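Read through the structures below before going on.
The following pair of complexes shares a single chain, subunit A, combined with subunit B in the former and subunit C in the latter.
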Partner chain A sequence: MAVIRDMIPPFELYQPSGVEDAVRLVGEHGDQGWVLAGGLDTFDWLKDRIKRPAAVIDLGGVAELGGISETDDGGLEIGAMARLTAVAESGDVRSRFPLLAEAAGLVATPQIRNQGTLGGNIVQDTRCWYYRSGWPCYRAGGNVCYAGTSRSMNREHCILGASRCVAVNPSDTAPALVALDAEMTVANASGERTYAARDFFIGPEIDITRMTVLEPGDLLTRVRLPAPQPGARWYFEKIRDRKSWDFSLASVASVLHVDGDVVRDARIVVNGVAPYPVRSDAAEAVARGRAPDDETGQMAGEAAVQDARALRHNDYKIALMRNLVKRSVRDAA
Partner chain B sequence: MEFLRHAINPWGDDVLLGVSWDLIWAAVVVGALFVVGHALMVPKKTGDETVDPDEARDLPDKVLRHTTGARAFHWSMTVAMFVLLVTSFFPLVGIQFPWVTIHWVAGFGLILTVLYHIWHVFAKQDFRTMLVGGKDVAEGVLALKKALRATDAEAPRPGKYPADQKMFHHVAGVVTVGAIVTGVLMMYRIDHVLWEQNPYLFGDAAWGVIYVIHGLCGVGLIFLVIAHVYFAVRPEKRWMTWSMINGWITRDKYLQNHDPKRWEVVDREAGTASRDAGSGG
Partner chain C sequence: MQVVRLRVNGDERACGVPAHYTLLETLRYGLGLTGSKQGCDKGDCGACTVILDGRAVLSCLTLAREAEGRELRTVEGLAIGTEPHPVQDQFDLAGAAQCGFCTPGILCSSVALLERNPSPSREEVRAALAGNLCRCTGYEKIYDAVEAAARKMGQ
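On to the complex of A and B.
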């Protein structure tokens, strides 16, 4: 097991006051640098001495990354350093994107939400304990997955999207952002790039050492939410072992556009079941053109898990995902 | 530059992971240096070689050098090899895509081609044409000296395959088999449809050695492919390359580059030349 010590290995601390400086520092230090946002994921890694960056770039002083502002098209732009409490309690977010407010409000505890940031929640690393304990697994640059075997403790691991690594994405806000069709703005020394939220998260078949498109030198700066469509229904549910405070075992976020009694469009996203938030095209296809009722939900749930494959200890996640998708169609409001 | 990758597990043990991927670039650089060095040092043949009319008598215009089966193997293996190299090394140099399934499927394609090749060689061809004998060693040394301009002596004409081709075949064969054997073992570490995953089949140290061998074979294949493609496009070798496409060589090329006594045209009507008597010695 990891040895937790009080002393964090030494590193150079940089505290930029502007985005430009932050991007420059992140670029300069590349894979030797570590971006510190709220610090809730960071300090676990550093205290466990699993990650040993030479430089830490603390974004706490970059005020311009912390705002929530309206965009010209009626959407919202949220800085990556916006605290989760601010996101969850923002009037603009609550009135126009209650799905995101709900998801942000279910992250961990009030204290953690006060400190944690939206960007940090989005890009946080997986909770696979083999990986986090410092085992030289695929994700850590080694050549084995300790969690994927028949002898492994893999109750929390994935049922979809496995490719050598079976870790899952732990973020609560990520599925909400994919369901809301958000766009992520990433800056580096070459300029800015924008990714659809769905494309921002990547699986191990693309790069087993990363969970997002962010490479060394990249910095997630903003999240942009397009204007909500009138009458859109939404649903978010997070299942966890302890209701008070825990990472999700699985969560679902959905946005349904219902015309009369027919679903015209749907975005259904499940997290905690794959190394990335899974947008279920199959479930969405089932829901489209049908009434958002129990029967459609049941069919959508079945469609969502058709490719699911359980590990030794997590077959419960298949039923969990099926029911979450079902409720996300039936109970969206 | 480091040669091996290590990691420390939570118990403080040093775990061997495999070769350093710096070796990819080392193989590319060595391959490029070889190509440039060879191109500069080794003179091209003038192309004014003549043939002995007595030897040419009764020979057909076209002499079969590679059967359809042999060519099918070569090009199937080429496709499999390129897919394997692309799927293994492109992600390592930053071109990311889902490569794992493509890689092992291509690996099984390679295994099938190799099995076919072995059957084809023993059942349909004369495997002795590829054996290295004393004459081959002497001719290889002479060819090397000539390449280095250490002698003006002409090397005698070989049988079906010159010494350098035989050596390339055997080195490529060993490296390919090394990659295949270790690759099949490595499939115990991933989840796939063929058999159950068991990453504990070997201990960490043994796995490390398997990964090192696989990595070395892969990196070695980069160099071998560079060298092979280079020789295939050299002007004085293109007749051989064409023979791998259309199967035959001209009578003149046959007589200029092969000793009819060591690679005899058996069926003069069909131009089939398959009896190689020149490997031993």
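On to the complex of A and C.
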């Protein structure tokens, strides 16, 4: 199991200065290569010597991936290497997508937001502590889940979407991006392709070793946010053990289109409850056509957790998810 | 082994370190700048905090090569000539350092804060120092010292 040592084993370091070079290097090194963005997730793995890549491709020098710019259709394009502080403080993001600014500003600590990137926050690996400690679980290529048994310590694990693995997605910005209907651009040696944020994150039933569609050789380069609809209401809340800073136990991000006093459309996304950010179709269906009040929120919350199943130590997450969804409908502003 | 060139506290410094050395390891073992502390070495404690291009970052989770060509300041470079930085002075006067292990990182986070926000509220000071653990738990005097330094610097 993990023995924490104080130095990282050697690797070859590549520091491309352009996207083309970066994509080529990531392709050449395949599953022996590791993409370094802000370093928060990366060095945790490398210092514990659980992941031991032969080559590290540092994107820090790829200036064109760090920008935040307006798109022709009135939306925003954010490079994968934009620092979380830049996202949280950007005037464009704050005025047009305050939901994302809020989520980015609630990630970890000032230092981590100063060096951590939007792309890194999205694609970071799960925090399941059995997996992070190097136990040979399904996600690590083994044939057992240590977190899902009746004797496991699984307070932080999932209540939805389990499929052999019960880990959760830890990202704060991921649910915001799904709620905002963002689009991710992925580049590799054969070109670029785009994914709706909702489809970018995958569950263990699709591939138990990955949290996203990214495969060896792929690079997340940009996130595009479509133009915000005028008058849309939003809500974000992150629940964590410590108020000063921590990963979330659960979080909710919602965008509501309200006409008169009726919800015309809603996107309600909960993270920290499944291996991927969960867009709750059931809660959205309940909210549509009703007033965004306490009663509707209550019903939406009940609908959101109808399929939830607790592990031994995480039944509190069912109540938490129900209440988060309720508040995200009732208190969106 | 490759030569890393860093601009530290206004000086051009070069030393030979392997590509996988962190900025913290390079400062401490390569350049003899042992003010930045190696605490958790995982980004939890903030004892290794330095100021890179005006922002507080964790030198334990930054490769030395990532800091090349950028403006780096460590606790050794905060003093102004022979005078302590006002934040250092107020830490002394307020008794804000106990064992002192967290102090270099907290000084760097505080200076980075005051350079962007010269008169922070108590809440803003607390938020700016959220990533710096003090296991002596003397936070109130640390916040007092940062506020006092802000007042001094504003005079």
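Everything that follows uses one rule, which is that the second predicted complex is superposed on the first by the 332 of 333 C-alpha atoms of A that agree within 3 Å, B and C clash if a C-alpha of one lies under 4 Å from a C-alpha of the other, contacts with A are read in each partner's own complex, and residues count from 1 in each chain.
The definition used in the following text is that a residue touches a chain if its C-beta (ideal position, glycine included) is under 8 Å from a C-beta of that chain, and two chains touch if they have at least 3 such contacts.
From a predicted model like this one, the values you see are computed outputs, not experimental measurements.
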Original post:
After the subunit A overlay, clash or fit between subunit B and subunit C?
Top reply: fit
Original post:
Which holds for A:Gly27: it touches subunit B only (first), subunit C only (second), both, or neither?
Top reply: neither
Subject >> Contacts of A:Pro10 with subunit B and subunit C, given as first, second, both or neither >> reply: second
**OP:** For A:Ala108, decide between first (touching subunit B), second (touching subunit C), both and neither.
**Re:** second
Original post:
In the combined three-chain arrangement, what's the angle at subunit A toward subunit B and subunit C (CA centres, steps of 10°)?
Top reply: 130
**OP:** Kindly classify A:Asp58 by the partners it touches after superposition: subunit B alone (first), subunit C alone (second), both, or neither?
**Re:** second
Original post:
Can you give the closest approach of subunit B to subunit C, taken over C-alpha atoms and in whole Å, for the superposition?
Top reply: 19
Original post:
Taking the contacts subunit A makes with subunit B in one complex and with subunit C in the other, which residues are shared?
Top reply: none
Original post:
For subunit C, which residues are in contact with subunit A within the complex?
Top reply: 18-20, 22, 25, 38, 41-43, 46, 49, 55-58, 60-63, 65-66, 109, 126-128, 130-131
**OP:** Mind listing the subunit A positions that touch subunit B in their complex?
**Re:** 1-3, 133-136, 140-146, 148-151, 162-164, 202-203, 205-207
Original post:
Considering the complex alone, what residue numbers of subunit B touch subunit A?
Top reply: 5, 7-10, 15, 17-18, 91, 96-101, 186, 189-191, 196-200, 207, 211
Subject >> Touching residues on subunit A, where the partner in the complex is subunit C >> reply: 4, 6-13, 15, 36, 38-40, 43-44, 47, 56, 58, 60, 85, 108-112, 114-115, 244-245
